[in-house]
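As structure tokens, here come the structures.
In what follows, chain A forms one complex with chain B and a second complex with chain C.
After this line comes the complex of A and B, so read on.
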């Protein structure tokens, strides 16, 4: 088992290095455009990571994730604009609202399995978008919710403060929350709770015969993932400052799904890799008239044929192969 | 004398118009090996599914340690101390042997959300309990050599051992084994039989479904025979194997004389 432990500690160093690198990026990337792209990568990375918890680790294909992202975003925007909530308080309340909606939806939808669950959740997603679109008096409907302020400055010692008017502090804000999301998912996955998620994914009937409440376990995973999706939505709302019903659309769900599939479902870094690569590619291709979804389509076909477990899964396989041959 | 650990009273199970179990009543004594036998389709596995809550009984009552457990959820019944294995060997094929055993002890520990995220001392203690249990069971079923192997890559016999081990890791008082020796060769059957007897010696009551006469009549203390969902005999292996109706059910009327 030595190579395993060795690769574990090496992996830890690699992660540490990447985190340090992520924190130093603004020192040499000063272009506003690239910083913007990085911020979007972090937000989508968070959303994809949260989707991975219910889909990759618990095996329930939740196609309502975009709705939860949108609910989090709209809830925080409305709380701040209409009720004058402080950003941080609004963030917490918005996430709790997302979880509450998730609870009612989960209790209903999680009774179904497999593709029925996928279709059920997708319908829910469409309903949410329609409600946001048509409830003009609350959400401003198709006109969109304008002028959501950036987070207020955080006061520091000696009269200094962190102000979120420029891009760099915003980058750090989303980075910290991305790391928080990864930390939460990592802790859960490597615990007995994560093992019960895997058990439910592996075989629900067997899990139940071993005393695991499958419904409760799925609901737990589902609620954690909606909480984190809502959190990503809140950050999106505060950063972009404008929301339209499309942000809760099922297209968002499918984009997150593609991030997860291309990066590798059920691996911690997979959805992150997918989100980063595709966000960068799509932002760079903004100038081109070429439809983004066509490129996604091709990429997805290639991945599904040649790399069933996504990029992260492929790299892991390669690594195992190299490690084995090196050991001989 | 010994106490009734499980008391099955007049259980009826209908699938639409088909009566799969017809007022079946029996009891299992504490500490014995009990066996349910019968031809294909006689309702043996249905009986297991009703006991463990994966099928609802149409009518009838099941008592476990004098407490009614009829139609409770499977996970509740598992927590009360009844564990089972499945006819088609079922393990978590993508997980390692050790993880399979660890997760099987999950029901005896607490794993709350905040404790998990904060990795509290309490949580680490609970996890250590699962690890200890898995260590104990892995030695008991003799799979130390393959502890880090993915369960799906094991031989059929090793997977059977693992599935029995997983059921044991739930700390059961009653263990239901659905064809524990199906699909393995003669040598392996003997190894599995000695495992079953070892479990009995540890004070766990066993109820098993069997097809092979050697297993079905050699190791149990008492036997229940089902045919077309009806109980046709109950008693010691010797009594049962001499019973006219049992011979009729297995070999046809001409042999019964």
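After this line comes the complex of A and C, so read on.
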């Protein structure tokens, strides 16, 4: 077999193995703490993967991603608490609200390029947080939104049901949505649409001269990524049950950026690796007086100077080298 | 009427601070094309250095400010050398992301060393003047005067000295300047030293009025970016005028409408301007 095809099929088996492993984790991890950490990993992994779509695959540094995460979370929380929506319906509507806000933001901001886009989206992120914080008749402001219920039970055959009151079903819920997110991003990236994303990332003018509508392409990528960010926010709201304006803050955006860059931008598993490693490390070090963000800062600078492709990019390079030598 | 005058004076005072911060940023971004997002964090560090010198060491306020400016100039040079120099040939976005790393280091570092609480300066220059129904402390007048002095000094430095001339030459044409034998590394060092020293001066001036805390640089740097995008990259008059406009808008909207939506106004304007003219008001098409 060709080394490339061989590495492709081996990768497929590796993925399958990891998915099976992920589904069997609750069989031997029973500690509530570790399950909680895993659930947080999945939620942040989803958010980072969605950011990767616009930033890694389309090359637009969107610094409003935390705002979309927050909008999704707040929209679902408010729909459930204030309007009495069913969780699943609220999830759908909240994601659509996020996309709608994303549409207005995208139409305005995507006309700009490079650092201007980064600064413009970041200003938008601050605006969203200030509005959530100040509009307290709607969002309860700095007091935060309390008592968002877990998803309702899903009835099964023979009178059984899946209840989300314990941690294991919640883990499976976020895992399924994480896999959904990865699947969507994977399919997009390997489709014609994904190729036009990459073309715009490479050189916008050149892409336009080939007949690609750069604005439409960027907007499409932006909207899909806001949808997925909103979805991650909805799951966060339902799992944690409490929201405060900080969840839409630009620090959330920065953390997602760190996850993406350390794991490897523009690779499918990179942001996931970054989110898992850093979430686990920071949850384990939670009790200690430890300047987590200072370390993040140094990591970010070192990665951007020396290891541009992050962990996943580094491993891939190594892997290709090994595969090439093996095929010779 | 007295509310109006009071707010205008507050606006000019705030505007002085914004101008000084925006001046440093416009030199770094406009001339060197480095979106130094960590400028606000360095501003915060400047405030802490002044605070420590004035309280723990017990220096005179103005001496503390000058020492802080020198210290921050040195930190600025270090930041340029260690972080931005290796990224010189990369896209500005890499520098932007590295700057976010610097913000983590400085802001969270300050949080760990000094704690999250607000530090209050011992009162300096708290003499009060009454004029046409308004109350002005001496510190506010001094802020405006010192800002004018610093701007004049910066102007003289750029127009009258050799190093200033090399900065201007680099701003006009980087490759041309290099061909004329101008050392770009020296220009980069000078610009960063100047820029961060100005930020430190701004922070030291405002510190006795606003409080000193680790998060103080965040809103200021975003406003400075708004100012230089609206006022034109690398434009010194643009940064000064833009800074005063920003200060006045903030003081007046705070006095007449509401202070909680302050940032929504400032950044809303930016998002709208960028939507109409994606390269900024005075940017090249």
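Things worth noting here:
We take it that the second predicted complex is superposed on the first by the 322 of 328 C-alpha atoms of A that agree within 3 Å, B and C clash if a C-alpha of one lies under 4 Å from a C-alpha of the other, contacts with A are read in each partner's own complex, and residues count from 1 in each chain.
Convention: a residue touches a chain if its C-beta (ideal position, glycine included) is under 8 Å from a C-beta of that chain, and two chains touch if they have at least 3 such contacts.
The structure displayed is predicted, hence computed values, not measured ones.
Annotation: superposed three-chain arrangement on chain A; chain B versus chain C shows no clash, the two fitting side by side.
Of the two partner chains placed by the overlay, only chain C lies in contact with A:61; chain B stays clear of it. Between the C-alpha centres of chain B and chain C, as seen from that of chain A in the superposed arrangement, lies an angle of 80 degrees, given as a multiple of 10. In the superposed model, A:301 lies in contact with chain C only, and not with chain B. Contact with neither chain B nor chain C is seen for A:11 once the two complexes are overlaid on the shared chain. Which of chain B and chain C touches more residues of chain A: that partner is C. In the superposition on chain A, no contact is made by A:82 with either chain B or chain C.
With both structures placed on the common chain, the touch criterion links A:317 to neither chain B nor chain C. Contacts of A:134 after superposition on the shared chain: chain C is touched, whereas chain B is not. Think of it this way: put the two complexes on top of each other by chain A, and the tightest Cα contact between chain B and chain C is 11 Å. Residue ranges on chain A touching chain C, taken from their complex, read 61, 107-109, 111-116, 118-120, 122-124, 126-127, 130-131, 133-134, 254, 257, 261, 289, 291-294, 296-301, 304-305. Of all the residues in chain C, the ones that touch chain A in their complex are 35, 83, 86-87, 91-94, 96-98, 100-109, 112, 219, 222, 225-226, 229, 260-264, 267-268, 270-272, 274-275, 278-280.
Residues of chain A that touch chain B in their complex: 1, 4, 184, 187-188, 191-193, 195-196, 198-199, 202-203, 205-214, 220, 224.
Residue ranges of chain B in contact with chain A, taken from their complex: 52, 54, 73-75, 78-79, 83-84, 86, 90-95, 99, 102-104, 106-109, 111, 113, 116-117, 119, 123, 126-127, 130, 148, 166-167, 169-170.
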